[in-house]
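The letters A, B, C, D, E and F name the chains in turn, as written, and every chain counts its residues from 1.
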Amino acid sequence: MVLDSGDTAWILASTALVMLMTPGVGFFYGGMVRRKNVISMIALSFIVFALVSIQWVLYGYSLSFGPDIGGIIGGLGLAGLTGVGQDPTGTSTIPALAFMMYQLVFATVTLAILTSVFAERVKISSFLIFGLLWTTLVYDPLAHWVWGGGWLFGLGALDFAGGTVVHISAGFSALAIALVIGKRKGFGVHTMEPANIPMALLGAALLWFGWFGFNAGSALAANGLAANAFVVTNTAAAAGALTWMAASWYHGRPASLGVVSGAVAGLVAATPAAGFVGPLAAIVIGAVAGAFCYGMMLLRIQKGLDESLDAWSIHGMGGLWGAIATGIFASAAVNSYTGLLSGNVGQFTAQIVAVGVSVGYAFGVSYVLARLVDATIGLRVTENEEYVGLDISQHGERA
Amino acid sequence: MVLDSGDTAWILASTALVMLMTPGVGFFYGGMVRRKNVISMIALSFIVFALVSIQWVLYGYSLSFGPDIGGIIGGLGLAGLTGVGQDPTGTSTIPALAFMMYQLVFATVTLAILTSVFAERVKISSFLIFGLLWTTLVYDPLAHWVWGGGWLFGLGALDFAGGTVVHISAGFSALAIALVIGKRKGFGVHTMEPANIPMALLGAALLWFGWFGFNAGSALAANGLAANAFVVTNTAAAAGALTWMAASWYHGRPASLGVVSGAVAGLVAATPAAGFVGPLAAIVIGAVAGAFCYGMMLLRIQKGLDESLDAWSIHGMGGLWGAIATGIFASAAVNSYTGLLSGNVGQFTAQIVAVGVSVGYAFGVSYVLARLVDATIGLRVTENEEYVGLDISQHGERA
Amino acid sequence: MVLDSGDTAWILASTALVMLMTPGVGFFYGGMVRRKNVISMIALSFIVFALVSIQWVLYGYSLSFGPDIGGIIGGLGLAGLTGVGQDPTGTSTIPALAFMMYQLVFATVTLAILTSVFAERVKISSFLIFGLLWTTLVYDPLAHWVWGGGWLFGLGALDFAGGTVVHISAGFSALAIALVIGKRKGFGVHTMEPANIPMALLGAALLWFGWFGFNAGSALAANGLAANAFVVTNTAAAAGALTWMAASWYHGRPASLGVVSGAVAGLVAATPAAGFVGPLAAIVIGAVAGAFCYGMMLLRIQKGLDESLDAWSIHGMGGLWGAIATGIFASAAVNSYTGLLSGNVGQFTAQIVAVGVSVGYAFGVSYVLARLVDATIGLRVTENEEYVGLDISQHGERA
Amino acid sequence: MKMIQAIIRPEKLDDVKRALEEKGFIALTVIDVKGRGEQKGITLQYRGKKMEVDLLPKVKIEIVVKDGEAETAIGTIRASARTGRIGDGKIFILPVEMMARVRTDEVWT
Amino acid sequence: MKMIQAIIRPEKLDDVKRALEEKGFIALTVIDVKGRGEQKGITLQYRGKKMEVDLLPKVKIEIVVKDGEAETAIGTIRASARTGRIGDGKIFILPVEMMARVRTDEVWT
Amino acid sequence: MKMIQAIIRPEKLDDVKRALEEKGFIALTVIDVKGRGEQKGITLQYRGKKMEVDLLPKVKIEIVVKDGEAETAIGTIRASARTGRIGDGKIFILPVEMMARVRTDEVWT
């Protein structure tokens, strides 16, 4: 189709918004670790961004969106962006390069979320290698399956902006890696106070802001569907913020970190659903997400699991709930799909399958990769380096 | 009318920009309070955002923009966003949902501005209740009167992006509440040094950035008028920054907080005028705003009034000046309206009336609401909680 | 031509993005100076923004883009924005006011970059005067020569988004001023630890984010060329980040400030090239920029030159490399221009000439201006003021 | 000589500094500390439960004075730092055997 | 009276505070410091080269106690701050000639 | 034993640390403080008016040494911290009655 300047303007703006989410994750996480690891945490987000940007241009985009090979993976036909041009292709109204770039920022933020489990203990060289393997072997195939014409897409599973590809995959990968990398020294023994809560709140603000590009941009056009996704995103975030706040208030005081964690939970849950459900369903989806992810966080802590910054409980479980909720609340009034509430059991099961597959694939491959890297070059820094902190030991800097 | 993708792209982008203003206010204010209340101040902005987001979707939008009831208030016909769809309505070229969402972020930032007067002493539970009452009983009616087809609109008062609805209402409400909630302990006795000036500057940067969405987005289209509003906004901000800087330099040193306060004063004053006046008028409007609001701040301090972060002197008085200036400088070369300078006395009086009504309504209702909440559940924390700081006493966190 | 709402939406959004770069520079630089000068550094960026905003509206835009006078400068026909209206002019599809505003934010960020060399020692009053002279006598003419129809444009030199006008001019001016203003007391004697590395990283994130508006906006339309520029920008930044990281790793540890400095180097180098080269060339351009600018920084330090925050080595030399690289890699597949690799030697020499002229003009005039201001009112604060820090001595504030 | 260490409320620092100045005690060193007194900080009621905020921000002033001046200095600090409410602080006197100036070779004992 | 100054690991502060509390030592002052011990901080291996991180964050606790109580306080701190690894810290005892309360006119010597 | 407290310019910390190290004084504690000397900080001229910046950032070094080593330590600090300009700092010596290691049961008196 012919290029539409309005649609293109919106996609370019959305891409910039989503780009900001990667440092946003960095500041969100960086504010929550201990003082001696703040820079390390933010630096990881920049390094992720640079690394995946190059990987994606060289071959990642092609693996995800290149010519389908048996429903499993894309071919290398688009490697180096050969043939990815300034004109729209197919039914698209935006430049092929804009679509590629928009997908790039999704790939980067996914790996950024995953840094949660590496917090305060990862060796930077090992992280670089692991990250490259992970984005190639976990993210790229999943993106192909769901969005690139792969087999999950064929199954009819709905995922508007990446509940499975981004959030479930990052969250459950984090869970798997947590089992391999082990707890931070002193976890559960000393209190580990967040270094800089205002910084974490800044990160959350950037995330909320950027998420409008993430979800509303996924309409790939500046149209009514984008507006719907925008509203659903914001509404779910607000509802999640309020229920997490209420739940944590009930257990003590309403921490600011709880408010924003709830918002992120709502944003995550809205991600697969934003283009399929309406604003009132968004309230339910977000509200459940806030309370549910809060509970999952408590469960994680109770189990003594050091998945340090809750990629699993918020992104993994929030994404899981959002994907299922899409199968429940999808409404023909919004888009041409219906869910369980409209009597469409098929959609609901398709969602469950997609969730199951994503969970299993992400968890399994990540576990194997983490063991591999750990067994060869070691994922963790030495005990002394961990004690001194990664800022000094890995970067030679002090916050 | 039919949907225009360019206009829609710009409104969606503008909505995201304005959304960022709410945490922007949080950081701006958070940097200026004492260290023990920084988190509290930022958290209030997030809580405001979540609260008003849900209120607006449930019934706030309907009260403001629903079917007019006697010029006073909108009916509940649009409650729960029933009938607010993906298509444009009337002469609009953007999705009805996009318009709703754009208005939502205005409602949130207005309540965020109002947190100024609650700084360092409000009980969070009382704030939640007060905030909900205020946005429902002050903001929603005012928005209806000016933008929703209510009686002030009928009078012909001009308010491009919210000088009355947003700034006068927040500013004069803050003044009223200041009389009820009382001074912070130690106000005027001890120096209260701002905790983190760079954080306040960051907030100001986000405000300036977001304000382009606020004012230029109010054209509701990506057109020449939007461009004019964009230019007027920036020019007035710059002029305000320079005059406040000069005035404060004259009295001592040019503090960075003065520079950005002047910019905010200019932005506020540009808000009602942006779509009606040209760039040279913007220099005058902004320059006067910077010096005038600086004087109002000095007056407030001299009167011993603890309207802590100057919502009144900057937003209230800046909005008042901007609304009147619109009646002076409105030019047919920009839009189809003229002001006093073009000999249109009628417009000037309409502006005065609108200002008077907004000031009176906001001040009066806010005063009553504040007394009510204070008399029942109490607006303030206990003296000990105030001494310890709201971060710990209300949120259990330390910055 | 007729106004295109999509193009206008993108330019307005881009303008907002670029606006954010000026405080972005403030935070980037502010985080790298010593604690006692953090506010000063950020404040300079706000002051620059306000000052140039007014200058540009009054006469700066006219000098740059007004009716050409002998290829040297624009006339005052557009002073006070007379005749700069809401409609597009010529072949443009965006409001003339939008184009003016977009150019304004370029002028501001250029002067912001230049604050590097004034860090921690400039008298604020002198900076105001110098800044006004510089933007008028260096920036405005250069902008006219390259973009406003002046003589360099006639030569056929390519500069997509400001490699010469913005980066070479700021960078080499900084070099010249460094020779006049002299070293900070204690430079090379005491270690000068950066006050707040996370703040510098935040500034870098805002720069990267805003740069999409800078480069992709320079297509002045939401089209395939904008998408290409967007991709080239991001790819070069990522490559620059990785090579600077690798180079600094080789010499010790991979500092986070190195990662983002490399990204900025890549962004700078991409600036002149973004609309003329493809993504693979961007990898080369960015990769070379990261390593090359790192080397230039080492050289500067080794020479004992206190061009404090590396405007010269990153912007000056990065811009120089980018401008030359444009002459090498320009490809007809991207835009209608070719470079050396396609056998077009003429383009390559045109680039060299443009670089030489910009370097010479910026360096020469800046040197003279700096001496002039230094000889009359003095560029530096007193030794005691410098010791106490500019935050207190110039602004009366503490970070 | 004596070192007087006074732990006071941060918001009283300006008052204390001014009062000391008037009595001729110019030189001093200030340190940000956290502390709790015998009553264990401040107890807040929170939804029925009690919560103790035990380490509150305080400011520590250190002044080294001649033996005979300690009395006056302490009196001045006490008068200017007192609010009468719990948390006003404590003053300690430690013996100092010698004081030396870095800039010159002066020494006091 | 005696001033006990104990320099300990920051992560042990809660334990030490609690232990002191149990023994009846409520009042104390806490200061963030950096320090290095005789073994010059921590040595890291880095690509063949050694790198010394010499100033590590520590916490200093100051408690003023009656002469007879010093022994117990020191024992309590030692027991609760010890991990057995290098960097556990040091304890110093300084003589205090007088302690005064700001809020009242009480004085202890 | 003696506790040497030296208040120096922050930018001299590295020099002082290195100088002490060379003389065998490895262990030390560093505290960020603010202070003013007898000349009341630094006076700036500002548009005709005078402005006093009275609390300037300083660094305090604390070293506990054996009685006989105090002299050397002080000399070393003085030599390495001196710039000759106002604000170079002061050094105090306080008596220490006992020093104990947390990690072991060692005690020095």
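Everything below uses one rule, namely that contacts are C-beta pairs under 8 Å (C-beta built on N, C-alpha and C of every residue); 3 or more make two chains touch, one makes a residue touch a chain.
Keep in mind that what you see is a predicted model, and the values were worked out from it rather than measured.
> Along touching chains only, what is the step distance from subunit C to subunit E?
Steps on the shortest route: 2.
> Show me the overlap between the contact partners of subunit D and those of subunit E.
The common neighbours are F.
> Just the number, please: Cα centre separation of subunit B and subunit E in whole Å.
Result: the chain centres lie 50 Å from each other.
> Starting from the mean Cα coordinates of subunit A and subunit C, work out the distance between those two points in Å.
33
> Roughly how many whole angstrom separate the Cα centroids of subunit B and subunit D?
About 44 Å separates the centre of subunit B from that of subunit D.
> Could you check subunit C for residues that touch two or more other chains and list them?
Where subunit C meets two or more other chains at a single residue, that happens at 4-7, 9-10, 13, 196, 202, 222, 253.
> Where does subunit E touch two or more other chains at once, residue-wise?
31, 94-95
> Sort out for me which residues of subunit E touch subunit D in the complex.
Touching subunit D from subunit E are residues 3, 17, 21, 26-31, 64, 94-103, 105.
> Would you tell me which residues of subunit B are touching subunit A in their complex?
3-10, 12-13, 15-16, 19-20, 23, 26-27, 30, 38-40, 42-43, 46-47, 49-51, 53-54, 57, 80-81, 85-87, 94-95, 97-98, 100-101, 104, 124, 196, 199, 202, 222, 394-399
> In their shared complex, at which residues does subunit E touch subunit A?
Spelled out, the residues of subunit E in touch with subunit A are 11-12, 14, 42-45, 53, 56-57.
> Subunit A touches which residues of subunit C in the complex?
Subunit C residues touching subunit A: 4-7, 9-10, 13, 17, 193-194, 196-198, 201-202, 204-205, 208-209, 212-213, 216, 221-228, 230-231, 234-235, 237-239, 241-242, 245, 252-257, 259-260, 263, 278-280, 283, 334.
> Could you please specify the touching residues of subunit A with respect to subunit E in the complex?
For subunit A paired with subunit E, touching residues are 35-36, 186, 190-191, 382, 384-385, 387-388, 392-393.
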